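Report on the following structure.
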């Protein structure tokens, strides 16, 4: 058991060292692929063994592991301070120093050093480990051909890939560590480790804008780190505990402790890029796409959500819980609104991610078994679909040289395979019977019990999300001209894409069983019963498998009908009768050829990013203050 | 013909038209007619409070005619039409359709020049 | 059975599309007048759709000139079979009073095949409705022949 | 077993009823316009004719999307008759609606592109309202499943009058009636030719039309649920609602989407929220 | 921000006639509009070379079917002035009656199309229903619904009996009531107002500078109506030009609305002042050398004819400038900046008659 756990945490670290020090690209590729496979197998092995009680971790080379973590903590803070100093960011320096001071005081004067089991695993952990190890590994594999091409575009003298894969691998290890920790200090260490890795990866391309965005990410996450430390101390002050499972078992215990949890939630907000912290995640889009995929779908941001979800029992029924729900719902609707005004594909995905994370956090805040199930469902399916979409955008960008959705019009005619996978990916994000929608359905049904603001915000947000996703998918469809070559992808690109695409569909179809075997045991009470392949609750029923059958067969029939298109006559589109010889163009003024051009409605006067962002940020700050203040 | 008629030349036409504009006149339209071999007459009709003023320009058809569309935007359309019908050029036309306002490449003859008579189609 | 219902439906639901080719508007407004309360062609299921891709019957008024002949051809090509063309008014049938003008090509049948000619300058709404009915008979016949 | 029979009834009766409603609609509209109008069975002739026309498409996605639109709409009606979860019915209905839009976006036609964008904005306007109506339903019956309705003794309209008005907005948008008929209009005279439907032709337009009948039945079915205790009053309510729709259609100009977003969000959402607050407070 | 290019026309359901505007829109706001014409151009000015001056009336009436009566009148007036013919007062007054009937049917037709442009189909039907009364009058008095063809050089060819005039007046009374009832609908309806008020604004100065004509000009507050020139019988009738100050689509539609009522009044006046006399004077010889410039008020506005005679039975030059031709530059000025949905409303608000424009 514990070997498996150490494997999950330490193997990536070892692989990272290999990637960094052995500068052969073949070895590096081998290492990454092998690590991915082993991690995936280990995660599945862990799943097979099921949940486990908190366990102790011994010592390395005679040094106590807790002590080791403490030392590494300070080392990390030192490194972060160094970068704050190097980039002349007073914010980073300030936040880091404050953390260090508080941490010293906490560890030296306040903390009662007792042996605390360092690692534990319940269903939440298992789901997270699966997501991180499998999806994260797929992204890392995808990164191999991607980075080769990426550096080909950059014309570097010396490859920076060793550094890139070093941090990528460390990241996986840190994430696994984070979700497995039972000692809150361990969790803090891994939390900080992801902060540093993300800083390194966002700034990887070392352009001016990359550095600037990386610094912004770092100070925001350093603020999160500070909130974490404060939260940790407050909880310890009231309960005297740093054992997470014990804290959770105790439930909310008084004002100070709940406020502490509130600060942990704030830390989670920064990590999950909730409004007003969304700008670091948007800035992170300058990084190579595998980084975006990793940060946005399976690791970094999920760490924030995880922290909140992990501590959800500790604030159940308090005002803080409502506050978290309202903040999450607000992020959901705000980022959906911001997404409507975007034409940059990666930004759309970024906003959609933040928005979905908001939904998950909102569910954690609603804090009923139904809502928590919804949160876990969303984590799982969102990770699959969103990482798929990021990888698709990356592939598209490397081929057409743009990530603007306007440039992806009719992409099917140029890159049929990728376009098809992307379209499917988008559909899995927004339509039934796929998993993300299942999660959203649960969330809305759960929110009906919460307060009206949450309900209204969820209703608005989900409608807006459909708008920007549907038009993207639709505009990518296009005519495949006769004689165009079929698209070729390198194996290491197509395997992750196909795996994720298939995964998104198959896992959705299997969602009743996933629920039954994985999620249901997590909570004391089970909100759903499974019958006829459908999920039934007191609130309503989602007929997963019948819907899959009906819509699936319908879709198959439709595909068959569409593939019989040769029976139909192809006509050019209607152009007021003035069609020119090129489809979509027409003969306009002065007998001149006018080219087809269409743009989406971005509703600039309603959804302009520049106008909405300050307003949303201000509102969100007010909400967060209300949330923390209300806990007191 | 009712109204005041003033003769203008190539050099004075734009200035006169500008003068009319400053006077608050409304440009009604331009009329054209054949004024002998290789020459055409252009009448600039103006209106102010129902009083009519005409400027008459007799122009050589092989030279570019100064355009007044810079003064009155509304002259743009009619000058393009004259360009189509007489195959003359205008100097400084704000939106030049280049003989495609009304005519297509299939029409090879110049519609209104006197030496080209229309043959009834079969 | 469904096949015969479809056949019956064709005659019951002719969607028209009106294209003004270079008409003096006289025939156009009479075509529009057909839709209005006095004549109300919707009684017979006739709708003016304004989109060739949805239309069954193309009503053309006016003479064809060099620019709009391409448009006319284009619109005709975009209509799905079975379809009928009705040339309305003196100009549509022959070029009418404008036939000798320099930019006039002639009647509609110079560009696309015409099924029914409706005379008049302008054609009266009654005549136009009659023309559409005659056109429907024509196109039922065409569908039969195509088999 | 009963559910299965109901589903089959729904799938078969849906288009028949929907077609008749469309026929009656045209008849009443003609009456409003001092005309006689076509026979009530006219929509069936129209669709039959369309199905018998030549298949012409701009690209094959349209075929796919037209079919999925129909399947989505039919499935949602089937779920309605199966008395399933309201939110689920709504989401399944959205599958069809989204595919209709995507098919329109797949072609290089400016009219269809702009029409599709407008259709999305219409969805943006009515979706939140519908969700709130369903939440109101939950607050009254304690479940999102339609089945739970029959346990109620008083009709829903008594508790959700404002939500019914808000539903009216959604209904008008969904039925493509004035003032919300800008993405595509039943009448041909529009700046976007036929908007989102411009490039669907022949049999595929026929499919879209049948799907639209299903949608009509779906929204009218939702309205009917507001008076479940008495079939006669239910019928009167539905007929009255539809008549009001036709009246509005005939006495309003077509508005713009800017107008729609503001009105529906402020008024529709406002009505819903007031009603919901009242339900929460109860 | 991505641009959508929309071909508005040549074949477009909102447009009664083929004209083309290439619209570049962003977020459905029109940024640029470039016109293309020539889809209806026939070249009938040149037909003067092969049709004699009597036959040309038939051609001129077919410049545009909707204002055919007034095209015939102005052409006749031009030739009459060129040849020095004085028309009888009865003929003049009869021309006025048919002209005003034409104006009414044109405006009613336009009001219907305008309502249709903003999607108010019921209103379209109602206006066209009223219009059928005028069409009946045309058919009963001249034998044809649309192109009445009553003008000949020297007078008119048809007469109105006292019974006919009584019948016409009673029909007009009914029509007036129906129109006034509709006025309440269109002028006070919320949705109509919000689709037309403040849309396509053109100020007084802009209207003059861009050379607008007719109701488009009067909708911007310029009191200019060619009937004030007092040609062909209008000098003995009493009327004030209709103006509206705002210069938007609502103003222009109101102008036309009030002009329908004004025309009813003018027909009544003309009928009451109808003198006895010959219908037409005999015309001999050919038009002499010389040039004539005539302006009349058509339903769409000021129509200009320029005619040159050369002593033969063929005219040397016939030049027609129709009101829509003058209103296209204002249109190009009004469209940019509006919403895409307002384009049909603005285009129709100038009452485009492309057949006139391109001849």
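Chains: A, B, C, D and E, in written order; residue numbering restarts at 1 for each.
Quick note on the criterion: a residue touches a chain if its C-beta (ideal position, glycine included) is under 8 Å from a C-beta of that chain, and two chains touch if they have at least 3 such contacts.
Because the structure is a prediction, the values reported are computed rather than measured.
Engineer: Find the chain most remote from chain C, comparing centres computed as mean CA coordinates.
Structural biologist: A
Engineer: For the chain pairs A-C and A-D, which is connected through the larger number of C-beta pairs in contact?
Structural biologist: Between the chain pairs A-D and A-C, A-D carries more contacts.
Engineer: Can you figure out the chain closest to the middle, judged by Cα centres?
Structural biologist: Looking at where each chain's C-alpha mean falls, the closest to the middle is D.
Engineer: Which chain's mean C-alpha position is the greatest distance from chain D's?
Structural biologist: Of all chains, B has its centre farthest from that of chain D.
Engineer: As a quick test, compute the distance in whole Å between the mean CA positions of chain B and chain E.
Structural biologist: One centre to the other, that is 24 Å.
Engineer: Using the average of all C-alpha atoms in each chain as its centre, how far is it in Å between chain B and chain C?
Structural biologist: So the centroids are 39 Å from each other.
Engineer: Averaging only over C-alpha atoms, locate the centres of chain A and chain E and give their separation in whole Å.
Structural biologist: Here chain A and chain E have centroids separated by 65 Å.
Engineer: When the C-alpha atoms of chain C and chain E are each averaged to a single point, how far apart are the two points in Å?
Structural biologist: Here chain C and chain E have centroids separated by 27 Å.
Engineer: Could you say which residues in chain E touch two or more other chains, in rising order?
Structural biologist: 4-5, 7-8, 10-13, 28, 34, 38, 41, 43, 46, 50, 125, 129
Engineer: Tell me, which residues of chain B touch at least two other chains?
Structural biologist: Within chain B, the residues that touch at least two other chains are 100, 102-104, 111, 118, 120.
Engineer: Hunt down the residues of chain A that sit against at least two other chains at once, touch-wise.
Structural biologist: 569, 571-572, 574-578, 589-590, 596, 598, 600-601, 603
Engineer: Which pairs of chains touch one another in this structure?
Structural biologist: A-B, A-C, A-D, A-E, B-C, B-E, C-D, C-E, D-E
Engineer: Provide the residue numbers of chain C that touch chain E in the complex, in ascending order.
Structural biologist: 19-30, 32-33, 36-38, 48-52, 62-63, 65, 67-68, 71, 75, 96-98, 100-104, 121-122, 124
Engineer: Spell out the residues on chain A that touch chain C in their complex, using ranges where they run on.
Structural biologist: 569, 571-572, 574, 576-579, 587
Engineer: So in the complex, the part of chain B that touches chain C is made up of which residues?
Structural biologist: So the residues of chain B in touch with chain C come to 102-104, 106-107, 109, 111, 118, 120-121.
Engineer: Hey, which residues of chain A end up touching chain B in the complex?
Structural biologist: 589-591
Engineer: Which chain E residues qualify as touching chain B in the complex?
Structural biologist: For this pair, the touching residues of chain E are 34, 37-38, 41, 43, 45-46, 49-50, 208-211, 224, 226, 228-229, 291-293, 295, 302, 304, 306, 308, 316-317, 319, 321, 325-326, 328-330, 333, 358.
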